[in-house]
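Here's the structure, in structure tokens; my notes come after.
Letters A, B, C, D and E mark the chains in the order given here, with residues in each chain numbered from 1 onward.
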Amino acid sequence: MRHILLLAALVVAYAGVPLLFGGTPYILGLIVAALTIAGIAVAWALLGNLGGMVSFGHAAFFGVGSYGSAVLSMKLGVPVFPAVLLGGLAAALASVAMLPALRLRGPYFALAILAYAHIFQILATEMTPITGGAGGLLSIPRFPVLFGLDLGGKTGGYVIILTIVLLSALAYDAVRRSAWGLALKAMHDTEVATRVVGVPSTHLKAAMLALSAFITGVVGAFNAHFISFLEPDYAFSSTWTVLPIAAAIFGGYRTVWGPVLGALAIYLLDQLLFKPILPHGHQMVLGVLLCAMILLSPGGLLPALRRRSTGERHAHA
Amino acid sequence: MTTALDVQSLRAGYGAINVLWDVSLTAPTGKTTVIVGPNGAGKTTLLRAIMGLIPITGGDVRVNGRSLTGARTWDSVADGLVMIPEGRMIFPDMSVDDNLMMGAFPRACRAGWKRNKAMVFDLFPRLAERRDQIAGTLSGGEAQMLAIGRGLMEQPRVCLIDEPSLGLAPVVVDEIFRILAKLRAEGLTIVLVEQNTSRALKIADHVHLMRSGRVVLSEPGEAVDLERLHALYFAHDDAA
Amino acid sequence: MLTLDGVQVNFGGVQALKNASFAVAEGESVGLVGPNGAGKTTLFNVISGVIRPTGGRLTFRGQSLLGLPDWKRARLGIGRSFQIPRPLGHCTVRENLIVAQRFGAGINDPKRIDEILDLLGLRDKADADATGALALTEHKALEVGKALATNPSLLLLDEVLAGLETNSKRAFMERLGAVRDRYRLALVIIEHDLPTIAALCPRVLVLNFGQIIADGAPDAVFRNPEVIRSYTGETTL
Amino acid sequence: KDFLLGSELPLTGNLARVGQGMHEGIAVAIDMANKAHAGTHSFKVSTIDDETSPAKAVAAVEKLIGEGVVALTGGYGSNIIGPASEAAQKAGVVYITSGGVTPDLTGRGYKTFFRINNTDGYALAMIGLVQQMAAKKVSVVYLNKEATSNLAKQVKETLGAKGVAVTMHEFDGSTSDFKPLVNKVKLQDRPDVIAMVGYENDYVGILRAAKVLKPDVKAMVGVWSLATAQMAKEFPDLMENVHGTSMLPFPVEFTQPEALEFAATYKKLFNKEPDYLGQFGYVQTRLLIDAILRADAAGTLASGGLPDELRKTDAQTLIGRVTFDAKGDNPHFTHRMGQHQGGKVVLVWPKEAANGAMRFPATPW
Amino acid sequence: MIELTLQALFSGLLAGGYYATVAVGLALVFGTMRIINLAHGELVLLSAYIAYAAESRYGLNPVMAIPLALLVVGTVSMIVYALLSRIRQDREINSLILTFGIGIIMTNGILTIWAADIHSTTNPWFQDSLVIADTLFAMNAEIVAFVGGLALMAAVYWWLNHSWQGRAVRALSSNRNAATLMGVNPRQTEILSFLIAALLATFAGVAIYTGKTVFPALGHVLTVKAFIITVLAGMGSIHGVLIGAVMIGIIESLTVTYLSASLQELAGMLLFLVVLFVSPSGLFGGRRALAR
């Protein structure tokens, strides 16, 4: 039964949505944007829930991934798909520069990452020969045509980002179920106690940071090739940090699918419902929504829905 | 003889878990009441419930005849009902000195803080040595001393003490019991929870034995027989 | 098996350990006592790698421990408990042991975990939330259990018996003895309860102001005037 | 006949203020067109806030095109106009703007992209004024964004080629205290003129710092939202004698009937004097409407004739003559320079447009 | 050039003063409730806009607007507190999101009420320069802000470290249950610290209105800066805030003077990271127990 449902969901996601909205690029474009946020949100939740690290600087990974991939494909002629993966790798590499931050906890860590994001942004602005400076990069190669499907278009982009988000969520789930996931969960607030039973906590956290950075970098790279344009203020914009956090928490960041659900809900509600009603103040509605969620269902939307449907309470992580 | 503390059919617990099942006991003014019992019997929970740290779900607590229903922890403290918790309940980010000063926070105690602090430093010279150390870095025993010293700064009229000898070196335990004996002689109302039964009995006016959230024995101190008491620890919970 | 040579620890102005030197042989049981703040817990922290000494050397089975991170020491066979229990966050009792076993011992052996649960009387609490619903005794037992699950050869126990009521203490002590004999562990145990120490350990070390002031059999040590003055006071065995 | 125009603008986010300004100009153009063609044609504009985000601008353009707009007018910020106009180009819909001046935009050679102003026009004005002042040494203080640094570099190159010593000082958008920067200019450069290229709050910051430090300069010159009525009103004591680009003097001394009507309509709709943002928004929209009407009359509107019709534009407008070259750029665009004088803005460059004497040397202090 | 350096140091000091006055309210709430109030910058901004409204509409001197601004900011603070105190679960992160949401609401509210234009005082006195020894230049507004801010911070420092209530505030954040056992009323104490933070925000807002320009998006910028300084200072350390803020101000102005103004933000961030890596709990963060 579960499997059939799952299969049906997949079919709807891969075939139904493009068929339904293929004719309205606007809607499909919004869904792609929402899934882009969802991808980062999953990566952020993975770090936050498993690694116990709240990051305010995922824009850094997003930016590095997008610039990495764009530059590789434009300057070195790397084909787009490998370039996207290499973009993710570049973001993971960038996370190595952040290893010293692993010593920090709570808000100290969160802000250190924010500082890194700022530094990367400034580097992108100042390294004009490679990044095009403040003017950015125009006409970044789009995704190619494969098997007759134009991956460079809206539908193609949708399929790609959907796949990225699904794989990321599956990776998250796999880590969470492994012994590593257990050790990571155990580390919350009790790191020393976990270390003295043999858990190399710093290594584990570094691995989570790198994985999270990789996913975010891939999403960033996707976005660069999808919108075919980059500039430092955009690639490293705090939006890439703020919206995914809001989405993850809104959806329920201690679950795997909550961030995805949250991103779709927040972004689509905002753009499709609130924006037409309140062209100027619609962000205010977003603020109200966030506050209401925290006060009414602090675990997020997904756990709240599950509680409603099954009547049971779900445990931590 | 007046009753300083009167607990009637008290029920309390943690969330859905109920721990205390209709606990009733009294502590007469100016006397030392000792509560003993195996681990997990609910002794600490009883003290917490009296102080209002956890909600009371049934029964009543009266202090000097006044019901504490609806009263908040801080109101009780202002009225002289004080609890000396175990050593983990210190202020870990504050200095030893500031921890002690917090003991003098209730308005009535503020005036006497100088004298009281001198007294505490006199009792525990170790604390005087470490007055500027951050309390969270104290050793287990030092933290215990700090908790006791801080409680004494509160100039209690009714004092609930939870396992004061926990983790202390034998010399210090001797000192603690000397202090307790002195306080008792000064006429303080004491409710003492202690695992060191034999020593606690020496200063007890009255003894209660708790098991599985119930009071299973109440006797005057001189009537208690250590052997029988220990046998009761082990007896199976026929009531449960 | 374990040797300490001139180990020093300073916290700012405080000298928590000065020149501590001693050795523990394979399978030996040693009681570690001393006044509050003498540096006992600090000594455990140094051995298990939680803090770094400011001076001195320490070796385990011939290998220097300096520079070795805490988690590697756990894998070498040094297991410890904490004076204030520190159950692993958001885990059940069994999960606590699983993490310790997987990472500390590098094996996956549910049978052995059950064995430890039985030995420590934690069987019926196996699936309880380790941070919430445990009584003090159970917390202390879990501390021992986590250390045991890493397959240690040296067990460092910090006041695991403190706060236990007399009967439970005796029962727990017997279990400890059984565990030690069963797995042929070397044991260093900190305890302020003299009879317990005497019953468990043929050798006692006394620490005072960061220095070892006595080392020997319990009755001899507890008759040492300096030990009496600084530590035992009127209390006798 | 009813025509629906689309407009994608930053109404919130970093560029909200300038977006609002252009938005007002567009509204005035629509209002005037409806009045002029009452009974025959009517115009409406559908506006979407791009929240100062390129992706949302693209989505907005797609949405507007989906709603069937005839053409798009709006856009602010080169980085946003880039992708937004690309989406319009893909759909073959005209995108006309005055919000992005970098050469890159027209460099793409899009058929549907038009703009009435450009960096060159700003640079020309600034350079012209500096030359009129016969300055020997100029310090350029500029924001490290694309449009601003392009303009600054152009000014440096041109002035440098003419033998003026130019020093450059880049600053960051987060700068709120300009004293160290101005002090450096004051003590190290000792220029005749400080040329500022940034946004409103940068100008206020720089001018405040200069007013405190009183460098020995003869003039303070800037571009964009500086020589405006708004600034004169908000910061009267800071603006005195400061020069900035300005198409019109303030209070507006309109002589042409179109300009008079524009000012009146602006006043009616928004109850304030028009500023340069409104003018640009108005001009681009008016030109667009004219072309639409021509294409409609010729029957080519539905068959994609609008770009060609726009390219035929040759009009005298509030910002001077406008024609479009093959890339959609306006080669005639030259800005004018105004000076704050006693709460008014007096045009002082070029000579032909001047309506008052330049006070020189003169600074706010 | 000694003159250049001296002015750079002086400007940095004054800039640091601004940073500190904004940050200290955030630090107070962070230190006492372990809550990062991401709407703090918006509270500051609200105060600035109240001062603007009072000045533009009634011609009130901005300093005279402080009581009115305090009333408004204090009321909003109390609403924020009331909402925050309803959080039960995952307090640390949920309070972050809640205050972030409140910040969005406030920014957009300000945008709706006052539009996106930039504003600053029209009172010329604040912009007049004050010259010390012919080499050091400042605006009157900066001096007022610095001296006033310093006085407020000193008062808060004294209050927190030496008054009964201040100590209670720290105790509450250190161990809530233990604090109630000392007779501390948690709600009353937290409200007090929130109100003092509101007072600080009010002052900072008026200071910014007189010495800088304000616009709706500024609130977020201020929050981030204040947050960074608070963390740099270390958990709830008031003197740390002042020292950290001045360090940042000076490093920024030195970077402007000797490198480039476009690198000042970078310099500040690098300083922040270096301090954190040397001392992971900030300049004056409390040392907590390692292992017992």
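Simple rule for what comes next: a residue touches a chain if its C-beta (ideal position, glycine included) is under 8 Å from a C-beta of that chain, and two chains touch if they have at least 3 such contacts.
Keep in mind that this is a model prediction, so the values were computed, not measured.
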item: Steps in the shortest chain-to-chain touch route ending at chain C and beginning at chain A; value: 1
item: Identity of the most central chain, Cα criterion; value: E
item: Label of the chain whose CA centroid is most distant from the centroid of chain C; value: D
item: Chain centre separation in whole Å, for chain E relative to chain C (CA means); value: 47
item: Whole-Å separation of chain centres (CA-atom averages), chain A against chain E; value: 31
item: Centroid distance [mean C-alpha coordinates] between chain D and chain A, Å; value: 37
item: Chain E: positions in contact with at least two other chains; value: 108, 111, 262-263, 265, 290-292
item: Residue list for chain A, restricted to those that touch at least two other chains; value: 125, 192, 280, 283
item: Contacts with two or more other chains, residues of chain B listed in rising order; value: 137, 139-140
item: Residues of chain A that touch chain D when the two form their complex; value: 24-26, 29-30, 33, 125, 133-136, 138-139, 223, 227-229, 231, 233-234, 237, 239, 271, 275, 279-280, 283
item: Contact footprint of chain B on chain C as seen in their complex; value: 11, 14, 33-38, 40-42, 83-84, 132-133, 135-137, 159, 162-168, 192, 194, 230-235
item: Chain C partner contacts - residues on chain B that touch it in the complex; value: 14, 17, 36-40, 88, 126, 133, 137-142, 144-145, 163, 166-174, 195, 197, 230, 233-234
item: Touch list for chain A against partner chain C, complex; value: 179, 182-183, 185-190, 192-201, 316-317
item: Complex interface listing, chain E residues touching chain A; value: 30, 36, 83, 86-90, 92-94, 96-98, 100-105, 107-109, 111-112, 224, 227-228, 231, 262-263, 265-266, 269-270, 272-273, 276-277, 280-282, 290-291
